[in-house]
Every structure is written in C-alpha cells, then in structure tokens.
Amino acid sequence: MPEFYRNQNRKLVQETIEALSSESSYELVYMPKHGRTMPSVKVLGDLVDKLREVIFPGYFGNASLRPETYEYHIGVNTDAAYRLLADQIRKGMCFSCTQGKSQSCEECENKAPQMAAAFISRLPEIRRLLATDVQALYKGDPAAKNAGEIIFSYPAIRAMTNHRIAHELRLLEVPVIPRIIAEMAHSETGIDIHPGAQIGEGFAIDHGTGVVIGETSIIGKNVKLYQGVTLGAKSFPQEEDGTLVKGIPRHPIVEDDVVIYSNASVLGRITIGKGSVIGGNVWVTRDLAPNSRVLQRKATATMFENGAGI
Amino acid sequence: MPEFYRNQNRKLVQETIEALSSESSYELVYMPKHGRTMPSVKVLGDLVDKLREVIFPGYFGNASLRPETYEYHIGVNTDAAYRLLADQIRKGMCFSCTQGKSQSCEECENKAPQMAAAFISRLPEIRRLLATDVQALYKGDPAAKNAGEIIFSYPAIRAMTNHRIAHELRLLEVPVIPRIIAEMAHSETGIDIHPGAQIGEGFAIDHGTGVVIGETSIIGKNVKLYQGVTLGAKSFPQEEDGTLVKGIPRHPIVEDDVVIYSNASVLGRITIGKGSVIGGNVWVTRDLAPNSRVLQRKATATMFENGAGI
Amino acid sequence: MPEFYRNQNRKLVQETIEALSSESSYELVYMPKHGRTMPSVKVLGDLVDKLREVIFPGYFGNASLRPETYEYHIGVNTDAAYRLLADQIRKGMCFSCTQGKSQSCEECENKAPQMAAAFISRLPEIRRLLATDVQALYKGDPAAKNAGEIIFSYPAIRAMTNHRIAHELRLLEVPVIPRIIAEMAHSETGIDIHPGAQIGEGFAIDHGTGVVIGETSIIGKNVKLYQGVTLGAKSFPQEEDGTLVKGIPRHPIVEDDVVIYSNASVLGRITIGKGSVIGGNVWVTRDLAPNSRVLQRKATATMFENGAGI
Amino acid sequence: MPEFYRNQNRKLVQETIEALSSESSYELVYMPKHGRTMPSVKVLGDLVDKLREVIFPGYFGNASLRPETYEYHIGVNTDAAYRLLADQIRKGMCFSCTQGKSQSCEECENKAPQMAAAFISRLPEIRRLLATDVQALYKGDPAAKNAGEIIFSYPAIRAMTNHRIAHELRLLEVPVIPRIIAEMAHSETGIDIHPGAQIGEGFAIDHGTGVVIGETSIIGKNVKLYQGVTLGAKSFPQEEDGTLVKGIPRHPIVEDDVVIYSNASVLGRITIGKGSVIGGNVWVTRDLAPNSRVLQRKATATMFENGAGI
Amino acid sequence: MPEFYRNQNRKLVQETIEALSSESSYELVYMPKHGRTMPSVKVLGDLVDKLREVIFPGYFGNASLRPETYEYHIGVNTDAAYRLLADQIRKGMCFSCTQGKSQSCEECENKAPQMAAAFISRLPEIRRLLATDVQALYKGDPAAKNAGEIIFSYPAIRAMTNHRIAHELRLLEVPVIPRIIAEMAHSETGIDIHPGAQIGEGFAIDHGTGVVIGETSIIGKNVKLYQGVTLGAKSFPQEEDGTLVKGIPRHPIVEDDVVIYSNASVLGRITIGKGSVIGGNVWVTRDLAPNSRVLQRKATATMFENGAGI
Amino acid sequence: MPEFYRNQNRKLVQETIEALSSESSYELVYMPKHGRTMPSVKVLGDLVDKLREVIFPGYFGNASLRPETYEYHIGVNTDAAYRLLADQIRKGMCFSCTQGKSQSCEECENKAPQMAAAFISRLPEIRRLLATDVQALYKGDPAAKNAGEIIFSYPAIRAMTNHRIAHELRLLEVPVIPRIIAEMAHSETGIDIHPGAQIGEGFAIDHGTGVVIGETSIIGKNVKLYQGVTLGAKSFPQEEDGTLVKGIPRHPIVEDDVVIYSNASVLGRITIGKGSVIGGNVWVTRDLAPNSRVLQRKATATMFENGAGI
C-alpha cells in the first residue's frame, strides 16, 4: 500500500480519536463525571447464570451434582452471587447518583450488601414460584415430554427466571440493574417483561416471541399467554409542560385462570375477569367480566384470481 | 461497614443456602436422583457450532480453508461432533430415564454411539437440503447480493440448520436434545420450529421473527413464510381426566409452492393446497384448495382529528 | 460396547467424512475456490463490541474510565477497530470477488484500509445521532429512570448502534459485512433493520421485537415505532425472465414526527406524511397526507358461551 | 506472492502431512493402537490446581473464603478433584495397558474410582505434612516475614505439594500420572523430586533450583537442602544382557535433622547419619556417621595478573 | 461399577471433605480469620504482564503499536496496572495484618493507592535501568544478533524486570507482593533474586539457571554473572532463644565491573572489589581487593581405565 | 479516601504516562520505528504447542485420536502451524529489518511462506530424531516404566522438541524466532540449548536443570548429559575496538557415545573423543582422546566438630 495512503488513513483515525475524546462529544453519552466504575452488563450476565445454577441445580453450569454434594455447589454459587450482586448494586447506586440522587457514598457502601443479602434470602421463594411455572407449562403443552425438558429448553422459564429475579431486585429499589436483567431475557427469548410487573404463580407463556408485559401490569395465578400478546398502555397522560407522567398504573390487571391467545393486545388499566379467554389477534381496551370469551371476528376468506401479490 | 450489619448479611446468606439445599426445596426442580451428569446446554451449543462448520465450511469457525485442506477440517470436526453427540445422547437418556423410562444402563451405553453415528451419516443429506434453502432465499430476496451472503447472515439459514439437525435427532428418538437445539435457534432468530415438524426442500423464511411452526406440521417443497406466521393448533383435545392428548396431528399440512405473508395464522390440522397464497394478518382455520388466494380484508383507513392516542 | 458396533459406528463416521469432503457435496455451499480466508462472524462481533465501547465509553467492556483516561481507552479501541475492520473489509472483498466481481487483489489491499479509515471518521457523527436516539427514547418512555439506563438496557439502542454502523459501511460500498452486522442486532433484539434503510435523528423503537424495516425505507426525524411494525414491500416486480428486479425503491417513506403503533404494517413505496399517527395492527398500503390519523377498526368483542377454543 | 511459489509451498505442506500420517512415521512415537483417549497433561494441571486450593484454601484460586463458607468451597473442589482424578487414572491405565500390561477394561473402570477415592482420603494427612514443611521453612529463613508468605511464594512448598500428591498416587500404583505431576513441579521450580522418594515431615529446601532427589531416596524428619543438591545414584547395575536393573535401592538414606548445603552431591545407597551437616559443593559417596560435619576444602584464592579470562 | 463400591468411594470423599473443613485441619495452613480476600497470585501475574507491556511496548502483549498510538496503549496499561496494584496492595496489607500488624482498615484503604501511585511514578526509571541491562547483555554476548532479540528472549531481562519492579515495591514497604513477584521470575527463569537486593545499572546474567542473589546483597554497576552463581549468606546468627536474627546484612557487596563465572559461590557480608574476576566453581568467603582475579584450581584430569562409572 | 489524595495519585499516574510516552523514554527500548507488528511470544508458544501435537499426536492437546482419524488431526494442525509460522517469520523479518538489514518488503512477503513450507517439510525428520531421543532416555533410565511415559513427562524431550524445531529454523536463517523458541524450553525445563548447536540422534539429558549448550557446540550420536553440565566457551576473542568477535567456533565438539556427569563444565573449542566419560563436577578445557575417563578428584571428607555452618 502506497505510503501516502497509509499516512492519510492513519491521520484520519488519529483525528477521529481526538474528536471522540473531546468533552463536547463524550458528554453526549451521559457518562458519570465522578469516574467511578459503572455496573457491568457482562458481570450481571454471569450473576444471572450463577443464580440460574442455584435455582435449577444440574441443569445449567458444568457441575456434576449428586445428592451428597448439592449443598456444596449451592453454597459456593450462592455465596459468589451474593458478593457479585453487592458489588454491582453499589456500582448501580453510584451510576444513578451522578444522574441526580443524593446519598453519601458511605451510606451506599452499607446499603448495597444489605440489599444483596435481602435479595438472596428471597431465592427459595423464587425457586418455588418458578417450579409452579414449570408445572403449568408441562400441563398445558402436549408436545412436552417431561418437566425437566421444560426447564432445559422452554424460553418461558428462562424469561420468568430473569423476571422473578429482576422483580425482587426492583422491590428492593435497586437501581438500573433490574432493567438490565430483564433485557437479557428479552434478547434471549423475545419476551419483554418489565421488572415492575407483578405475576402470580403458575404463569405460562407458549412460544413467547413478541410478548410484551408493561411496568404496572398485575397478573393473577395460572394465567397463560401465547406468542405476540401485548399487555400495554393505551395512552400516556402528560404533565402540563408536556412531559410524561411517570409511574401511574396504565397496564392491565389480568385475574386468575385467564388465557390470552396469540397476538392479542390488551391495553390500558383495565381488568380481565377471572377465567376469561381472549382470542388470537383480538384488540381489547375495556374491562371484561369474569369468564368472558372474546373471539376473533370470523376470518373472511376472500378467494381471488390474480396472483399479483397483496 | 459496621460489623453488626456484616454479620446480619452473612447470616441471611447462610440460612438461604441451607433452605435451598433442603430436600423439600430442591425436589421442586426435578433433579434426577441417580446423580448422573445431565446433558449440557453449553456443550450442545458447541456441538451445533461444530456441525455448522462441517456443513458450511469456511463460513463459521476460525478455520482458513483451502481445497487441499477441506478434508482435514471436515474430518476433525465431524469426528469431534460424533464424540460429543454420543456422550450427550447418553446423558440425555440417563436424564429421561429418571423421569420414568426403563432400560438398562448398558443398553444406553451401546445405543448412544449408534444413534450418534446414524445421525452423522445424515449430514450430507442435511447439507443438500440446506443448500436448497439457500437457493430459495436467494431467488426470492431482491436485497440479497449473492448466495454466500445468505449463508453468512440470514436467520432462516441459522434456524433451518438447527431444525434439520434437531429433526434428524428426533427421528432417531433421541430424547431432550432435539428440543434444546431447536430452542437455541429460537433464541437467536425468533423463529420457533418444533423438531417434529416435517419440512421439504427449498424452504424460505423472510425476516422470521415471530414465526411458529408446530410439532405435527407437514410442509412441502418450495414453501415461503414471512415474519410472524404461525402454523399452530386450534384446540387441544383432552382425555376424560382432563389431561391433554399428546402427539395427535393438530398442525397444518402446507403443500408445495405455498406462500404465507406476514403475521398470518394457519391453525389446526387443515390442508393448504399446492400453490396457494395467504395474505398478511389473515387467520385461516379451514382447508384451502390448491392455488387459493386468501386476501386480507381491505384496510379501513379511518381518518380522525384528535390525537389522544389509540 | 461390543467391538462389532464400535467398528460399525466408526465406519459410518468415516464414510460420512468422505462424502462431505467430495467436491460435489461442498460445492453446494458456495465456498470460494481461491482458498482465501473469509470474513469472520466472530471477529465482526468483536469489532462491533469495540465500536460500542468507543461510542458509549464505560457502559460496555471492562474498562474503568475516568475523565483523565478517556482518551487512552478511546484511542486504543478506535485503533484496534480500524485494524480489525480494514482486515475484514479486505476479506469481504475477496469473498464477494469469487462470486463474480473483478478487481485486482492489489486494488483491494489498498482500498480496504481506506474504507476502514473513512468509516472510522464517521464515528463522531454516529455517536451524535445515537445520542439523539437515546434522548428520544428517554422522553417517550414513562418507565425510563434516566438516560444512562436507556444506553445500558434498551434494545432500540443496541439495534440502532449496529444499524448506524452498518449503514455507514454500506454507503462506503463495503460488501457482505453490513448485512452480517445488521443480523447480529436482529438476533439480539428481534429488530430487523436492513443496512440500506435511511433513518433520521431522534429515532425511537419501543420494545421492538418483530420490527422489520426494509432496504429502501426512508425515515425522517423523531419518528417512533412500536413492536411488530413492518415497513415492507408490497410486491416484487419481476424481470421478463422471472428473476426479481433488485434495488428499486419499494419500501415506505416515513416523514418527520410520525408515530406507528404496534404490529401495524406499512407496505410499498408510499409516503406517510409528517406528523401522522398509525394505530396498532393497521395495514397501510397508500400514501397518507401529513398529520393523518389512521385508527384500528373498533374491536368487536364478541361474547360467547362455549369454551371449545378458537 | 506469485502463484507458482504459493502452489509450491502448499504442495510441500501437503506432502508433509502425508508423510507424518504414514504408519511408519507415527508408530515411532508409541501411540497406543486401541485408540482410547490418553491422560491429559492440561487436565492434570487443573487437577493439581484444585488440590492446591483444597490444601491451602484462599491462597490459590479465585475464591473469597470466609469461615462460614470454607466447607462449601472445599466440598466443591474436592468433589471435582475426585472426578477428574478417577477419569485420569482410568485413562492412565488404558495408556499403560497398550504398552503391555493385561487387565480387563471393566476391572480398570472399577479400580480407577477406588484409587481416586483412596487418594482423596489422604488429603488431610498431606495437608498436615505440608504444614510442617511450611513451619520448617519459616523457622529457617531469616528473610521470611510470616508463614503465609511462605505458602504464597516459596518454590519448596509448590514442589512439595506436588511431591506429596504424586508420592501418594504412586503408593496406590497409579501409572504414569505421578511422574507427570512431579515434572510439573520440576518445570515450575527447578526442583526435581522423583515420586518414589520417601520424605519425612518438616522438610525444607532453600532456593531449590537444581535440586535432584532420586527414586529410592529415603529422607527423615527436619532435613534441609539448599539449591543444587543432588541425592543421586552412583552407578546402574546391569543385567547380563546389558539392560539396567530397574527398581533396586540406589539413592541415599538421609536421617533426621541433616543439613546439606548448596550444590553438594550425595550419591549411592549410603546413609547420612542423623544430625550430619554436608558443606556446599561437597561430593559424598560413602556412609556418614551421625552428627558428621563434611566441609568443603578451603577455597584456594589464587590471585593472578592477566585478565584473559578463564 | 458395582453400587457397593460406588457408595464406598462417595463415602470416603464425603468424610475427607469434613476432615478438611474441620477447624483443626484448616488452621494448620494459616488462613486469616477475618475472611477478607487475600492477594491473588494470578492477578499479580497479570499485573506484571501489563507492566512488562508498558516498559517494553510492542514486545509483549497483543498490541500493534505505531508511533502515533504508543501513548494510548501505555495510558490504558499504566492506568489498569495502577488500579490492579492498589487493590492487591490493600489485600496484601489485610493479609499481613492478620498475621499481627496493627493499623486501621481505613488507613490501609488510603495508603494502598498512594503506594501504588508512588510505584507507578518509578516506571520511567525502571525502564531506564532495564535499558542499561539490555545494553550490557548485548555487548557481552557474541551470540546476540541485536538488542531487540535480547528483550524478546533473554531470561536475564525477564528476571530483572520482575526484580526491578519487586525491589521498588519493597522500598515502599509493600508486604508479601514483592516476594510473590520475585518468585514468578524464579519459576520462569531459574534466577532467584530476593526483592531486597540492590542492583546497579548495566547488570548482566548469562544463561542464568541456578543464580541466587540474597536479600542484603549490594551490586554495583556493570556487573556480570554466569549461570549457577550464588551470592549467599555464610551463617545465620541466632538470638539467645535460638531464633534467627532477621534482616542483618549477611550477603556480599559486589562493586562495579565485577565478573563472576558459572557456579561460583560468594558467601557472607564480604566485599568483592571493583573490577575483580571470579572464576567458575570457585568458593569465595573473604573480601577481595579491587581487580583481583580468583581462578579455579587447575582441573586434575585423571585418566583411568575401567568404565564402571562414578 | 480523601479527595486530595485521590487527586494526587491520579496526577502522579498521569505524569508517568506522559513520561513513558515521551520519545526519549521509549526509544531506549528499541521499538522498530516503522510501526509494523512484531512477532508475538504468545503466538509462537501456540505454534510450538501445535507442532508438539503434530510430532507426538495424542500426547498433547485435547484431541482424541484413533488410527482412522490421525490424518485429519495432523492435517489440520500442520496446516495451521504453516500459516502461523509464515506470518511470524514475516514479522520477524520486519523486526530485524529495522535493526539494520535491507530487503524490500515484497521480498519478505514472498520468502516468509517459502521458509515456513521448507520448515514444515522437515517435520518427519524432526519426529524421527526425537524418537531416537525417546529411545535413548528409555534405555538409560532405570526409573522409566515405558517409552510413552518419557514423552509425557521428561523435560529432555520437551527441551529437545523445541531445540530440533529452533535449529531447523535457524538453518533456514529465520531471524529472532529460533531464539525465542529456545528460551521457552529453557524457561520450562532449565535446559538452555542455543538454536545453533548441532546435536546428533539418540541424545539424552537426565534431570536437566542447569544444562547449558552453547551456540557452536557439535554433539555426536548417543551422547548423554546429566544436570548442570555446561558446554561453554572459554574466552571471547575481541576485535581491535573491543567488540566481541561474533560467530566463531568457541564451544566443544563432543563425539559419539560420550557421557558427561552432573555439573561438569566442558569449555572451549575442544574435542571430547568418542566413548569418553567425564565425571561429575569436573572442569575440562583441553581435548580428550577417545575413550578417556576423567574422574572427579576424590572427595576429601573432612570431619570437624563445631557446627557454625559454612
């Protein structure tokens, strides 16, 4: 390569580095100015892997477990998870801090391990809830061979593991991290559940891709959703100055034993009564009484001749 | 951090480990009691990567291939895949065994490598079928620059590679593993094909996110699907005791040369006749004669004034 | 395992290796015959990771950044990205070359680093555009706590980072690589944006799974899409010989300030006028005047008695 | 690079591969013909690392140990070590088998885990012995700040850890593996102790490089060696046919409380009596009575004028 | 494997874990009771690798350096080294603390980064000194082709890099860590230099295996040693109670321009005068005047008949 | 940590980075100014590992080899080794180039792969020679159980593998790299053999630590050395200007069937006649006739009373 071009290229690269390092450029991307380490998406991924090993021992990770050695593996993984989590929570607090909150560093140093320990103490309940989800999926899927297969391979279990973890962290008011953990599951499964959503036991999602469950949704026991279902908001009330009002209940309440078929949209703070069934592709924006059945309009199968496309 | 809080935290973690290690808790998650190693999702991921390298040499993996060295690389990867697979099949058999089947351990030790070898012998046919899929995608996509680009980057090829592998394993009655391999592709592409589905050559999926193809689907040659298409079940017949009847045909038969546009749902054991076209968002639950054209009802573009949202 | 079966298995594997290594088999999968190294999907993944670290320093990667050390990290990562990219572009050119183009090897050796340097020089603008996307997401999402959280966890930012990178590479006429980079984002987020699409600043996608944006789409400023929206083609004009006409404009033009709600399909080279709103599930195939509002037909909530499913 | 040379080079490589794959060539290097997997030097390295973590918890490995969590870490590492070792012993038996021994495969499958468990049960005693070695080093080295520092950084402890492991394995008649473990320590420390050597408690080696301790050496309690000391054989009796007589005692017996200074050689099956001191560079080939002192001949410091070197 | 043996083995492993976890056993190995993380040999290895990259940029590590990008790489590596070192120093202080020192934790938290920064500020001088060592080796070795080759491959440079780092850390009174760093070099090169040794510029070691340089040695400028040279202590004065007196000068002072040939031993706090030459295998325990030449006694080449060996 | 100290520390680090990046500092360490990538010690380590796998298949690396699959593994590894080597040779030439040689870049681009291919073609002979070394060690060591054990664990084989590789590369006049490969073995085994040394078949080294074999040594067939033996130079002739004369023969010629016992030094361009035996610790600087026996002077075992040490 001729020297002239080589030098040209190098010069361009050099100038770009300077441009990217100028304060006016990097300030655009909201880096905290205190220079403390941010939470790490990679470490949080490892954390969730460890928690998954703790909750479903033997299914994930490399360990060869036997009844006599369960406790050792669970002990090592739980202890490691506690330490990783305490560290990440502290970093998450620092990160949010720059963005405006106020608390002494020392206060965070103390609170982070307390929050981590409080979270860890919720793991047996998280496992119990997930076991009900496994059971619900097994009962409802004629293609499932056994319950273990569901733990190994159903995206709903992967998504709900992350959700039940993220939801507990959010209840503890851990900043930033719950959302990152929820997005991991969204990326892996196409199931997008906001950490704020409250979901009862025995929850099943079939296939799952495209499911969206909004922040203030409340879901009862033994509810089942199919792929593409949205539990969304209908509108976003604005403040007088045009900014959105944050945090108000705006997603559906879905009572026990409801089934919602594929690609249905249920929008707004409405209540879907116990035992209702909502058909595929249906669009629901009003309360439904218990045991309602809302059907897709009959498909108009229009036959036509020319095949010029649609 | 004050010693008191430190001790509190440690105590909580300690108690949780004990709770998680109690038999009543870990029994909830169906771990086999014989203490034999389960299949490993991570190893199966490596296995599929090796098979992908074997099928499409040079496109994946680190190898720098030349015509003179093809055979060495294919030899090493195929041999490694055979060994990994035999080991995982054996572990899969052990895993399913606990869940209720009965067969001597020795029988499984012998059958696992036989099944693995039988699978390996299907690789040339799997490659041939995938080559017809590549060709179909290339012909049908005006954005495609060349066939190689399709192998490199089209999610349909990634999904179909896993499917054609998983389907062969299922034909050999390998337990658990086909489903895990199918879910890997679902996670990576948003395309959810059950290993049981029979799919003919020249199969094309465009974009793909949200596609669902059920366990007993039968798809002919040169069929094309767009994103969000569901080939699903309409209802699940129950036994008298309320449990689902497993394994009966309940998904569509799609004959040769059919095209199904985005987000259409085709439900139940119906037959879509050869050469039919199903429009986007359409919901089909009855047989279609050959060369049918089913169109989306004309969109009612209601103009309205206030922008309060929907 | 009895020796006889062991030998049988080995023989099967051996024969398969030979079959897979036969020219007639591997020619099916379009390997370039010149034996030069192809681009590497894995290396391109590392490249995008490095670029993401450069664009959003501190959010991704392991680095602990402080104002005094920004420049070093950005310098190292940018320089490494330049080298990796120059190498991959060269390999991409070789790869496409086999498929039919004509250019001397020396020409490619020279052009590759020039293209890489030209790309690098676009990074400050890519960062600026992504910062407007972050801002748009923050303003529009009542669940967002701060702008940093959006960089960390919103799939739209991950998808748009890859898109703005891939789009610049495509403007430079880099072969193959833009599409691979776009597919990475598709796999991770379920958002499928063709590298050819032109997208203005302040672009927001909510949830995102199932979004498809076609090759010749043109999108203005401050546009917002929800999950499942398709900006697609209506039909594919064919040449007289039946092959598709490649490259002609066939996807929508979406003007500034348009909002398109979930699962709407906008198809064909039509224009959606400035400030229009398209409701969920709507199917649009004709031009819309500025400030149009197209609403979903009112959902017919048919109550019915029997629960036999749908 | 001109095509001609490229082809020449490729041809040479190709021919070499064939030559190296010819039976006449690879038979030179004693590969077992049964095709079973050999022991792995890398896995044995990992095994020793795990054992080192078990013996000296917290000093090696990544674990953050606390009194409450010791047991979990020790449990996980010990269990993993047991499994790795059982597998490697079986492979070692297979490997030696080809070389001529005779035993059914099934017998080895059973014996390997028994030998591994028997070895594991020796770990508490191995730890106790090593603790006496640490203590001996601490007392004898004026540069040592505390006992922990010795565990962290003294080559003698690294060498003796491997030796005490290898020696126990050899007592169990495990083939091949003891020698591989001994060589790891030799490579890392320059201290070459044959696994057969019997070494009492409180053994210290200072600096260590160049120390050689032969197969049939017997060393008492509280012995100390300096760098470069050889406990070797004086001659190798031959059979009538000229082959060496294997296994006969041919290295020294060193009784309790002996000190041997740097680079001394003690050769043959002689006895160095309790409490003796052997000076640096001395060459000893005869028995020494208890409490002997053997001094280096006084150094003749010959002054000379011309500096032409030696 | 018969169930009985399997259970026997498992029971042995289980009992061993309990034995190893008993307080009486693990107390033998001096683990600190406060449960704080110890320094990590692995991290210190990474630290030294980073420092080596900083000192000799381009020779080690993966970086592709150009004059324009030196500063970025040096910046990133130096900053990372500072952070790693501060953390390890703090852990080293905690570790030594248990062993008896007294200082508040807060004091250590503050002092550790100060010590790390002070060390970092010595790097330019460390580089300058090592450059003189490279020069000395180049001039003195007829087999050396160029100075760069010496940096790449001479064990003396590897050993001296660790030594000059470890010596600076010791001057700063960093506990434990200097010794660990020195042992790394000892393990890799067979050259054992205590961190306390003072060594002037232009220091050369040829071959190096077996060299030992004691804690209180003082070495002038342009000194050269060959393999196997010991600068050791002659005797260890004891306190009345029999414990060794720690820290008193007990190793040689070697003045400028001295050459010591292979396997010579120089013992005790003696002074080897400027410009002296000590021959191979010589044993020196008294002061030598400047420009002395001490020769090996002439070798007595005793010819003898019988070849029975030695 | 108080803000003041934090800032002080950061400032020190910052200033050091600037000092280390100044031209006057980094010029001290001989970095080539052309900015081309240097050879990589790490890559050369991987290269030697691959070659070791090729030469002794199954002993090193992870592969599970069977007679049917030897050729594939050897093919893949040999091909990879050829590519790595060609690349490293080119970088080595660039590196040496800066140091003063003159050759066009294009010439090096062509020559590097030719040299790599020529080296590869020597592998069968290298394997044959190493097989004779294995045989020699097996015959001479009463502690060796079988020939395979020697390949697995004898440092002499590790050292000779590197030497026979490095020596061939040196014969091809490859710069820098032979020396780096030789030093790897020196580091791992304590055996320091210069790549220039010519060594015949059936060469054995027992224990090995401290062995030094100089650049111009010539060693016949079936020679055996023990630990600590030096084949060195006696003096270094200087040019009139004081620089050393490089490359002249200055190390011993050792004829066939010679045995040299531990720590003996053989110095200068002398000839040790066929079949001679040199005793331990002996210093030889003159020619020896064939079948000479040079014995260590009888050890004077001076008994003495006081135990004040030496």
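Each chain gets a letter, A, B, C, D, E and F, in the order it is written, and its residues are counted from 1.
Rule of thumb we're sticking to: contacts are C-beta pairs under 8 Å (C-beta built on N, C-alpha and C of every residue); 3 or more make two chains touch, one makes a residue touch a chain.
This structure is a prediction, so every number in the text was calculated from the model and none was measured.
> Hey, what chains does chain A share as contacts with chain E?
The common neighbours are C, D.
> Can you name the chains that touch chain C as well as chain D?
Both-contact set = A, B, E, F.
> How many steps does it take, at the fewest, to get from chain A to chain F if each step moves to a chain that touches the one before?
Minimum number of steps from chain A to chain F: 2.
> Name whichever of B-D, D-E or A-E reuses the B-C interface, so over half of the contact pairs are the same residue numbers.
D-E
> Measuring centre to centre with C-alpha atoms, which chain is farthest from chain E?
Result for the farthest chain: B.
> Answer with same or different: of all residue numbers used at the interface between chain C and chain E, are over half used by both copies?
Mostly same residues: over half of the interface numbers shared.
> Sort out for me whether B-F or B-D is joined by the greater number of C-beta contact pairs.
Per the contact counts, B-F leads.
> So the centre of each chain is just the mean of its C-alpha atoms; given that, what is the distance between chain B and chain E in Å?
The mean C-alpha positions of chain B and chain E differ by 56 Å.
> Based only on mean CA positions, could you tell me how far chain A sits from chain D in angstrom?
Centres of chain A and chain D (C-alpha means) sit 53 Å apart.
> Could you put a whole-Å number on the gap between the CA centroids of chain A and chain B?
Whole-Å distance between the two chain centres: 22.
> Which chain E residues reach two or more other chains?
10, 17, 64, 66, 68, 71-72, 74-75, 79, 190, 209-210, 228, 236, 263, 267, 280-281, 285, 296, 309-310
> Could you please write down every pair of chains that are in touch?
All chain pairs meeting the touch criterion are A-B, A-C, A-D, A-E, B-C, B-D, B-F, C-E, C-F, D-E, D-F, E-F.
> Write out the stretch or stretches of chain C touching chain F in their complex.
Answer in residue numbers: 10, 14, 17, 66, 68, 72.
> Per the contact definition, I'd like the list of chain F residues that touch chain E in the complex.
Within the complex, chain F touches chain E at residues 1-2, 5-6, 8-10, 12-13, 15-21, 25-26, 28-33, 35, 37-42, 95-96, 98-100, 175-176, 179-180, 182-183, 186-187, 190, 192, 194, 196, 209-210, 212, 214-215, 228, 230, 232-233, 236, 243-248, 250, 261, 263, 265, 267, 277, 279-286, 288, 292-297, 308-310.
> In the complex formed with chain E, which residues of chain C make contact?
So the residues of chain C in touch with chain E come to 63-64, 66, 69, 71-76, 79, 83.
> Would you pull the chain C residues touching chain A in the complex into a rising list?
Those in contact with chain A are residues 54-60, 62, 64-67, 70-71, 74-75, 78-79, 82, 109-110, 113-114, 116-118, 120-121, 123-124, 127-128, 130-131, 134, 139-143, 145-149, 151-155, 158, 188-190, 207-210, 227-228, 234-236, 262-263, 280-281, 296, 299-305, 307, 310.
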